[in-house]
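Here come two complexes built around chain A, the first alongside chain B, the second alongside chain C.
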Partner chain A sequence: MSTDFVPRVLLTKSFIDSHDRAIKTIALALRDAGFEVILIDYEMPSDVAHVAVDEDVDVIGVSFMSGGQVSVTEAIVGSLAQANRGDIPVVVGGTIRPFDVEGLNSAGVRAIFRGGESFERVIETFRALALSTRAERNAAA
Partner chain B sequence: MLTGTNDAPRIKRWLSDTAAAVVDSAAERWLDARHKRYGEATFESTNRSGVVVQPAYGPQDLAAKPVEELVMPGQFPYDRNLYPVHYQYQPWMDLQIIGYGVASQLRERMDLLKEEGGARGYFGGEAYNIIFDMPTSMGIDPDFPGVQGAIGDTGVSISKMSDFETLFDGKDLTATHVSMVCNAGSPGILALYLAAARNRGFDLTKLGGNITNYIWDFFGHCGGINFSPRGSYRLCADIAVYCAGVAPRFNTLTVSEHNICEAGANHVQAVAFSIATIIALNEECRSLGIDLDTVVPRYGFHVRYGEDFFEDIAKTRALRRMYAKVNRDRFACVKVGSLQARIHAQTAGSLLTVQQPLNNLMRNAYGAMSAVLSGVNGMTINAYDEALGIPTEEAVTLSLRTSQILAEETGVTKVTDPLGGSFYLERLTDEVERAAMAVIDEIDERGGLIECIESGWMTEQVARSAYRWRQEVESGARPMVGVNTHVVDEEPKVRVFQPDPEAARLALEDLARHRTERDNAATSAALEKLRRAGHAIQEGREIGSVTAALVDAAQIGATLGEMQTVLHEVFGRNK
Partner chain C sequence: MSTAVVGSSESLAASLAAIAAGDRTVLAQAISRAENSPALAGLIDSQLAAAGQRALRIGLTGPPGAGKSTLLGAVVPEFVRRNHTVGVLLIDPSSARTGGAILADRVRMKHRPHPRLYVRSIGSRLGHGGLAEVTATAIRLLEHWGADVVLIETVGAGQSDIDVCGLADVTMVSAPPGLGDEMQVMKAGLMEVADIFVVTKSDRPGAQALAAGLADAGPGGRTGTDRPVLLTSATSGDGIAGLVDLLERQEPTPVGGTPTETAPLSSADQLGQPKSAPVAPPRPVPAVRPSAQALTPFDLTGRVAIVTGATSGLGRRFAEVLHAAGASVVLTGRRADRLNELTATLERSIAVAGDITRAGDRESVIAATLKRLGRIDVLINNAGVSGDPVPAEHLPAERWTTTIDVNLSSVFSMAQLVATPMLAQAHGSIVNITSVFGLVANAPVMDAAYAASKAGLVNLTRELAVEWAKRGVRVNAIAPGWFPSEMTADMVDDDSSQRYIRRSCPMERMGREDELDGVLLFLASDASSYCTGQTIAVDGGWTAR
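Now for the complex of A and B:
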């Protein structure tokens, strides 16, 4: 993998969730760390998979402040699998409650970020996941 | 801070030359002493708002005030307080924010709050501050595909008139203040409530309450779907005119300085954007030929507390002063009610931490105290566990106790505007006002608020501030106990409230039943009438007819989402 690798990430939250401070902040932090960032509101969880596939992103980050943590994540992961892109890792952030964790882990999320998480850990996690997605894709190609 | 050359002429406006000389001499001697003892260090600090704070203030700062602002509480420009005497006569209204599940489930929490001495309105009445789940808040029915996971999760699910009838079953709505926190769904949610009250036979002219009506809010918590900016302001005017005639005690707009702060703005931005919102709406109403004094008295503010104790108080006073001046001088309002900014305080949710969550009790108490020292009219003290999820009953009760301790034990309620005349606070108020006025001037130069929203300038300003704040936390420049300082290895375990997962099923079944039981032809006709009213007000005619059509449609059986679909078609979406 060359050193000029530019990870592509999709950051998203529901169109009904008005709380966008966290995801906008993470978008700016990733951008400043050299990522290409696509930021969308989804209406349907399947929208996330479609955009992720169309844009060929390396990682998906989903922000939750107002419910649907487990059911939406399951739907996104399901849509990715249907599109044969189950290899794209999904991470979640925001208000992730103890009772959400088991369902999120079962759905296969690769990381959970809550309030107060350091930029460093967020950026490094995204970078590592992006690198491995790209490496696997290149190996398969 | 020294009176110096800039302030000297102002002093002469109300201080004698002799007094001014004494004041100047004291300031100079202090500066000399500081230099001798500490050398060149200034001990200045800069607030996140950009306002520079000195290590001490003195009579020279008070002397710099314009003579017309040397007033008692209850006098123009109302910065000190709206009333001559405040908490000594009427304590603040406790509006603990509550909402989860379906209406019948939330009613249980409301009853608990009342038993604990909460839900306390003015003059012996009851008061509730209801928050809706995100689908409801945005005007979307629970059976809309893709929103099921959010039903009843972080607020109550409401989609039809009967849900409000269940929520307030048996209550005298003319003695119940109902505050409703909602975004794009505001017009429809207000209509469902008014329809429920009318259906139960209550006289709408006697209904007291509040719809936050965050449909104008494009720089606060409005990252999601909303109306187009221009459509939003037209709808705000419609609601204001309708209520002025039909439900004149109902507050039709809450400008949320709180939400703007929570989205990341600093205090100067938040105050400026709040006043700019009023300017934009007043201009909209004036262009429609509406007498501003008939609608403005029912606007209010929602202000955030907890970031910076004294600046929180200063911004409140600056907001009240600017509101009075702008409405009087720029819009020629004459009614006292049009000049008085009523304020509902809320402590800062975004400053609560997941780490060591009990620390949030202290944060909330300090925030609440600054709100009380600001002389706010209503109060929401967040629960300490809100960074983790929906509050437990224990956490909600502790928030209420925080308010009760402030009101009944601390003694801070003995005097109206107890900090009035503080050298520091008066100067800080002036600085915040001056800086916020400069932002308003910039917005005017850029073509006004709506132009600034449409160009993206506004959200860019807020996002930048939010990012800077987070960078300061990362670098340690902004200490947060438990996050970047005084960190513990093992986080304490706390119980987290889990809303009933059955709520979604209950809401969906109930809505499905409703759709089959109602008169579908009459509902369609009512929605068609709503659409015609929408087009009329878009053309500047029959202002108020949209809200009237919404209330009629709601009473006939239209759902929130059905009404919202029509409104979105007519007034456009933001995205």
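Now for the complex of A and C:
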């Protein structure tokens, strides 16, 4: 039994952050590449994990336009682990300052988009991560 | 691109057992698998068809941007608050070209996570065995998980969306005021499926007219009068409790029955007594027919109000007035015995003793309120102190600090604490009790700390009001002149004080205890729904000259 696989992505930013241009652009590009894109504005980092579980997403993309890059990412990764969904990869984008990179990497993010990457690269990164999440999960089931 | 879907009957049985035990991860993954494999969906359907669990299935449709998701953001927490276990399916169209979709309903729905709530976004994925089939399987899985209410949002754009309504026991069709020509489109496609019309965004102009139009239009071969028309505003919270009252009275179709016969909705139904909610009494069913139902904007039935400093004369009065208008009241103050005395006289009240200047005590007031009453709609920041008159040059530093601490800092902290639940429900009214001596000088009754703290409150009121204006939370202040209270007890029968009042107050008298009731009720209730950031002086004309 096999069928088409529609990858599901959660794209999110803080509800305080009013800059949604970047996230909308990526959402449209992913939709046009055949993804289902779920959007939320999180109030607390743990909201992201909660929604990721309920929506059974394959990748999470977090956009930062102001602060909290490292601490929020760490909190999201932590709540995912707590919800037993540490397998869902997290990627970050937006205003990522040079001194954030090390902290983000040690938090376990799977990709960092600092602007300037081609859409193709972004989409391929999401697709590869989504495929591996889904394959692992189906193997585990 | 393809991937194997595990669908052996043992693993399915294990998954279904885990879902029945409440495992939302397995539930989520089962919905994904059903979406990706019509064969597995069929297997799930056959396993669950006889299971027995049957939720009330509520469809919600309407033109794009009607305010459906925002409405769910208000309705769903209300169902959860009334102890239901709720499943929500948010359906959005998939791109016919790429199969991708933007599922953005959650952005507007904006709910807080809850163990008894599961929300799922679904792309319509045309060509996958039909939207209605996948949705039916998802509903069955939600019922198996324990949902007793399932809400389904779909854009009433095409036939497949409308088919989804066939799965529902009751279908709500929503429309906002100001659609104009689009109403025609709605009439053609959506009117027939409606069991209930909901005029969304009722805070906007034209809502009453639209409701009236829907009530007598009688389109789609059905007379309008047998279908309720309700007005709701997710921004103000108006009409939400009434809509949930009405939905709670609907019966799910029994298992094995055909999903056609739903409990009749008569207009008598809308006007009937609402079922009582487990926590606070619900508000009466709101405006249905604009002409038939008088608005009672001062009514506080079903609302929860916190009054600080409730052991003082004015605080006690405030609590009694709000209670008399229908609110459940939470009384705070330092003297537990007095609080208990007061709660004994007020049917719907709880007491939380504590010192408002202590962070821990403030937090326990909020926590106790949310735990026991489930929500916060009104905060009356009444607690305050004043002292004997002291010339400014001799005012002790600690008197300054204490006064600012009680009268200003703790008021701000309380406002901050209630803001979280109020902003989340996009509805709330904060009333700060300042003083005419926040507007004019206190002298000759010299108290620089009091004057400064109360003046600070006046502009704090404006600042909070503007910051939260768009998000449904209003902040206003009352500036009483001289009223009899413990703080002013000495003045009432002191000659020189009376002379001072006659000289400074155009009405030449102190206020009576009941003369703050009207302003308090006005600011606490929806009667002042367009009023925020204001300080209303109730002072016999003191500040008018």
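The rule is short, and it goes like this: the second predicted complex is superposed on the first by the 138 of 141 C-alpha atoms of A that agree within 3 Å, B and C clash if a C-alpha of one lies under 4 Å from a C-alpha of the other, contacts with A are read in each partner's own complex, and residues count from 1 in each chain.
The rule we apply is simple: a contact is a pair of C-beta atoms (placed from the backbone, for glycine too) under 8 Å apart; a residue touches a chain by one contact, two chains touch by 3 or more.
Computed from a prediction, not measured in an experiment: that's the story for all the values here.
*Asks:* For A:Asn84 in the superposed arrangement: first (chain B), second (chain C), both or neither?
*Replies:* Only chain C is touched by A:Asn84; chain B is not.
*Asks:* In the superposed arrangement, does A:Phe119 touch chain B (first), chain C (second), both or neither?
*Replies:* So A:Phe119 only meets chain B here.
*Asks:* Applying the document's definition of touch, where does A:Asp41 land relative to chain B and chain C: first, second, both, or neither?
*Replies:* Both chain B and chain C are touched by A:Asp41.
*Asks:* May I ask you to decide whether A:Val53 touches chain B, chain C, both, or neither, giving the answer as first, second, both or neither?
*Replies:* A:Val53 sits against chain C, while chain B stays out of touch.
*Asks:* Contact-wise, after the overlay, does A:Gly67 reach chain B, chain C, both or neither (first, second, both, neither)?
*Replies:* first
*Asks:* Would you mind listing the overlap between the chain B footprint and the chain C footprint on chain A?
*Replies:* 15, 28, 41, 43
*Asks:* Can you list the residues on chain B that touch chain A in the complex?
*Replies:* Touch list, chain B to chain A: 133-135, 137-138, 140, 145-151, 153-155, 183, 214, 221-225, 262-264, 350, 353-355, 387-389, 463, 466-467, 470-471, 474, 480, 482-483, 496, 498, 575.
*Asks:* Enumerate the contact residues on chain A facing chain B in the complex.
*Replies:* On the chain A side, the touching residues are 13-21, 23-25, 28-29, 41-45, 65-72, 95, 97-99, 114-116, 118-120.
*Asks:* Sort out for me which residues of chain A touch chain C in the complex.
*Replies:* These residues of chain A touch chain C: 1-6, 8, 15, 27-28, 30-41, 43, 46-47, 50-51, 53-56, 83-85, 131, 134-135, 137-138, 141.
*Asks:* Quick one: which bits of chain C touch chain A in the complex? Just the residue numbers, please.
*Replies:* Its residues touching chain A are 1-7, 11, 15, 24-25, 28-29, 31-32, 35-40, 94-95, 98-104, 106-107, 110, 112-113, 118-121, 123, 125.
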